[in-house]
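Below, chain A partners chain B and then partners chain C, in two separate complexes.
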Partner chain A sequence: MSHGGGGHAAELYPENQVIVIGAILAIVGMYISQFFPQVSMLLGGLLASGATVAGANTTRRVAAYGLGTGVPSIGMVSLGLGAISTLAGVLLAGVAISQFNLPKELLYGIPIIVTVVSIVLGYIVGKLTVNPIGMKIPIMVESMTKLSLMGALSILGFCAAYAGGFYPDTIIEGTVKNGVIGLAFIAAGMAILHPFNACLGPNESHKRTLLLAIACGFITWFMFSIAKLDIVSSVASILLWGIVYREFVKQSLKDACSVLYTPELPKKEM
Partner chain B sequence: MAIPLVEITLAGAIINASVHFVPVGGAPAAMATSTGVGTGTTQLAAGAGFTGLMAAAIMASQKGIDLSNPIHLAIILLSGAVGSMIMLALTMLLGQLIYVFGVGVVPAADKCEKDPITGDYQKSYITPGTTGHAVPTVCFISGLMGAALGGIGGGLAYIALKQLGFTSEVAGIIAVGFFFMNAVLASYNIGGTIEGFHDPKFKKIPNGIIASFIASLLTGVIVVGMSIGA
Partner chain C sequence: MDPTLLVLGALALSGAAATVAGCAEDLESDVGSQSNPNSQVQLGPQMGNIHRYFNKAISGEPVSYGLYVAAAGAVAWALLNMGLNVPIALIIGSGIAAFVHGAYSVSSYLGRIVGQSQNFGQPVYMDVVLSHLGPIVGHGFIAVFCMLLAAYLATSVLGNPFPLPLVALIFGITVGAIGSSTGDVHYGAEREYQKYPFGGGVPVANQGDIDIKAEYGIRNGMDSSYFCSKLGGPLTGLTFGLIIFLDGWRGIIGEIVGGDLVSKSIIAIVVGIVIVAIAAYLNRMVEVYARKKYGPYTDR
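Let's look at the complex of A and B:
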């Protein structure tokens, strides 16, 4: 859809600010999941949704230029790069320890390794979309870097929240073997690509898209809480989702020119 | 180490090439005003590619299949290709039924005067103001070729990961991420819609293959690094 954006609406918060806050929240959430496994879903899941919100915000900025292939494509590439870099980060730490006799404490740095790998991978794939392929979007490289980072952080964040930690054994046994990482792949992907895909158009406003992004982040958290059968987090996430989604509907009705409730079509022609 | 790296790099290039064959209509085709299936490149390629990946993975897990035997590898790749082709053929066929009997349009390709396979005239069947309708024969054949390549590419990536010593679960999820990366690179190269190998946009295919080659080489190096301890 080359007419994807319809111009750039004013930004409520600068993009870099949202990215930094989202990244910090998600990384803090992973450490909470690691050190306090009993509240991993409640706090880790909540903070991991920060990464999906930041990803959705970057999607909004880059997709407004008109990708030509629809908004979902960039959301899916972010999660594809994110899945590779998450597993790379988790496994590379183990390799470094076993091969180079590094101290075991390196495992605490897994979120940082994942961050670095995803930034490198995103930057190079972003460069490739500009140079041989020839995308004419000025912010393509930085956006791919940020999206790759946010994809990786949201996958690792939700997986760590589900498994209760980010150690290689915990992640591989707790989320990869039973397929929960597939849920992280597609649910977090939806939370990143859906908000702008739903809100785009001439009257798109940052506040509305962000509200939907937060609602999508919370419902992703809710799905993971259900999958883990964690009652407290399920109730908390669905309540928070309800509050934010209500705000989103209110905002949509407010932004609309007018809302007409049409009656049912008449059965017979008059 | 070296053989899986080569296989991953080749797999990425094959996946990228495969996407260029699939008749993608995008949003206009959803309204039957453009040739192809009415959805985005990523979705179509991913749908067919994943079926191929699953088919290859199922074949690879059969008893008596040895990953170091070239004939067995060929069987796995073939299984991936067939799985992928069935998936895309059904998608195109059901889409075609809806276009012809539901919407009521004639399948016609916009990018060629005559269908290169059947020799039927196309131009006179195109509604003015649109760029073709539904899935004509040439697009269907092109789609099948693309699906076969996609299944082979996905299967090759999975085999390479298995040969590096990853468990099936880890290999599967890395292959999915890898497939998406290459399919989206290809879809950016196409830039929206393509009809198949007769479309002028098909000539852009080298750029996409080069991009995927570099990206896959990089991913391959990372993956080989991960496999040392596995």
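Let's look at the complex of A and C:
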């Protein structure tokens, strides 16, 4: 594919490697938020941005089949599936314990339950897009599964970091009732859809897209840090964001055919 | 004070805030050529038109404004809970949103331009980035602050049961949607294709063949915003303000005239249908008038 979307340029890292690393980072971040609530935003938020980076990387692969107009929709689908799986996963554990007298330790498995629910949901939606809707994208099912997983992990990651844990009561009281989950939905969604949406084109490079993905992950973490009024993580996130963003700008200016500071148009070769 | 009067005042204030927000939002998106006109700016270099527009591809306006206003709402909500007074909390929230807006804007310009720079010879114009960033962030700040004010009024005075960050998210999506649907009409096909006859739409053969020369010099996003600030921006604001205002009155008329809940609801629905019918009729009149007066296309 070499048309408008681009994105089939050489990959720096294989997609599955990024997915596995992103998922592990996000899940570890959730456990840190649960067991060490005093550093939940500092470490949990940092690690949750791993999920948005992996999601952005998958967006790059699947959106390359389009012209660029569908990229935002893919991000929103990802976060829509993620929001449903997160709430379902968190509540399922609570209901299972109260209805079937299961041990309370099941609550520790909430990140795993959310992972499984999101993979199943993403797979079903991916199948539906192929069969009744008839989208002819070969990696559709696989990509929807990954996007759903990354959407769920980033929402639960940031919500757990904000609320200081992933227990049903903590999540419902700390992020759903006060509406912060809305910020998790839209901010993590932008962090997943924006990197490829911004960088697409025939000269797109994986390095620039990944740098921007990391910067977007960090700015999402910054928004949550500020919303939690956590000064240490706000400063840490904005510093890390600055370093990565500077690198992205430098790389972009290096890759451009020319950088001009004056209003002149290059001469057309006829 | 009489609570009904307070509600009416809050409704008028949120209508006014929505008007300003709609206007600022539209002008901001015109500076950056966001959403609708963006695909044509993106196609420009591929059709040999090296341009100096700002390519602000941050998703569509509804999603991006949802982000800014939600971020502003979450921060302001946290500060309000801390006991900070209302205007300062709203301003600090909007400031954080403006910062996020600027970061996303620059990254989208650099990403989109560099993404087709080598193949089509489109240079990165750093002076465009630096000169356009101020108007983008400034207009964005006004729009976000006004929407946040409307969201705050909705939760604190008008009795909206949802928390502030969530209402802010919905209001942000709304202002983006109105700015995109009403405002882009004045910029998209009309401004980028000024050399083609009015009313013809944009046939596929002309796509990407955008105007790169301005009235004076080479055109950039600021010229588009200047052009739209005459009609497009104010009309967008007026549309959004009217939507908020008329929708509020719809409920209030039902409240005043009706007795029980069912008759109140029926009156509100009937008033709504009447407003939509009048608006549709007026729209059709204006469209027919404009085609007759300015367009080369007649009834055949």
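Convention: the second predicted complex is superposed on the first by the 254 of 270 C-alpha atoms of A that agree within 3 Å, B and C clash if a C-alpha of one lies under 4 Å from a C-alpha of the other, contacts with A are read in each partner's own complex, and residues count from 1 in each chain.
Simple rule for what comes next: a residue touches a chain if its C-beta (ideal position, glycine included) is under 8 Å from a C-beta of that chain, and two chains touch if they have at least 3 such contacts.
Predicted, not measured: the structure shown is a model, and the values here were computed from it.
J.: Are chain B and chain C a fit on chain A, or do they clash, once the structures share the same frame?
T.: Aligned on chain A, chain C clashes with chain B.
J.: Check whether A:37 is in contact with chain B, with chain C, with both or with neither, and answer first, second, both or neither.
T.: Touch status of A:37: no partner.
J.: Touch test for A:72: chain B only (first), chain C only (second), both, or neither?
T.: both
J.: Counting residues of chain A in contact, which comes out ahead: chain B or chain C?
T.: It is C that touches the greater number of chain A residues.
J.: Quick one: classify A:177 as touching chain B (first), chain C (second), both or neither.
T.: Both partners.
J.: Between chain B (first) and chain C (second), which, if any, makes contact with A:109: first, second, both or neither?
T.: neither
J.: Which partner does A:129 contact after superposing on A: first (chain B), second (chain C), both, neither?
T.: After superposition on chain A, A:129 lies in contact with chain B alone.
J.: After superposition on the shared chain, which partner residues are touched by A:265: those of chain B (first), chain C (second), both, or neither?
T.: Once the two structures are laid over each other on A, A:265 reaches chain C alone.
J.: With the two complexes superposed on chain A, say which partner A:229 touches: chain B (first), chain C (second), both, or neither.
T.: It touches chain C, and chain B stays clear.
J.: Looking at the overlay, does A:117 come into contact with chain B only (first), chain C only (second), both, or neither?
T.: Touch status of A:117: first partner only.
J.: Which residues form the common part of the chain A surface touched by chain B and by chain C?
T.: 68-69, 72, 76, 177, 179, 182, 185
J.: Quick check: in the complex, which residue numbers of chain A touch chain B?
T.: Result: residues 1-2, 67-70, 72-74, 76-77, 79-84, 87-88, 91-92, 94-95, 98-99, 117, 121, 124-125, 128-129, 131-135, 172, 176-177, 179, 181-182, 185 of chain A touch chain B.
J.: What residues of chain C sit close enough to touch chain A in their complex?
T.: Residues in contact with chain A: 39, 42, 48, 50, 52, 57-60, 63-64, 66-67, 70-71, 73-75, 77-79, 82, 96, 100, 103-104, 106-108, 110-127, 162-169, 212, 217-218, 220.
J.: Of all residues in chain A, which touch chain C in the complex?
T.: It is residues 4, 6, 68-69, 71-72, 75-76, 177-180, 182-183, 185-187, 189-190, 193-195, 197-204, 208-209, 212, 215-216, 219, 223, 226-229, 241, 245, 248-249, 252-253, 255-266, 268 of chain A that touch chain C.
J.: Under the touch definition given earlier, write down the residues of chain B that touch chain A in their complex.
T.: Of all residues in chain B, those touching chain A are 26-27, 40-43, 46, 167, 169-170, 173-174, 176-181, 184-185, 187-192, 207-208, 210-211, 214-215, 218-219, 222-223, 225-226, 228-230.
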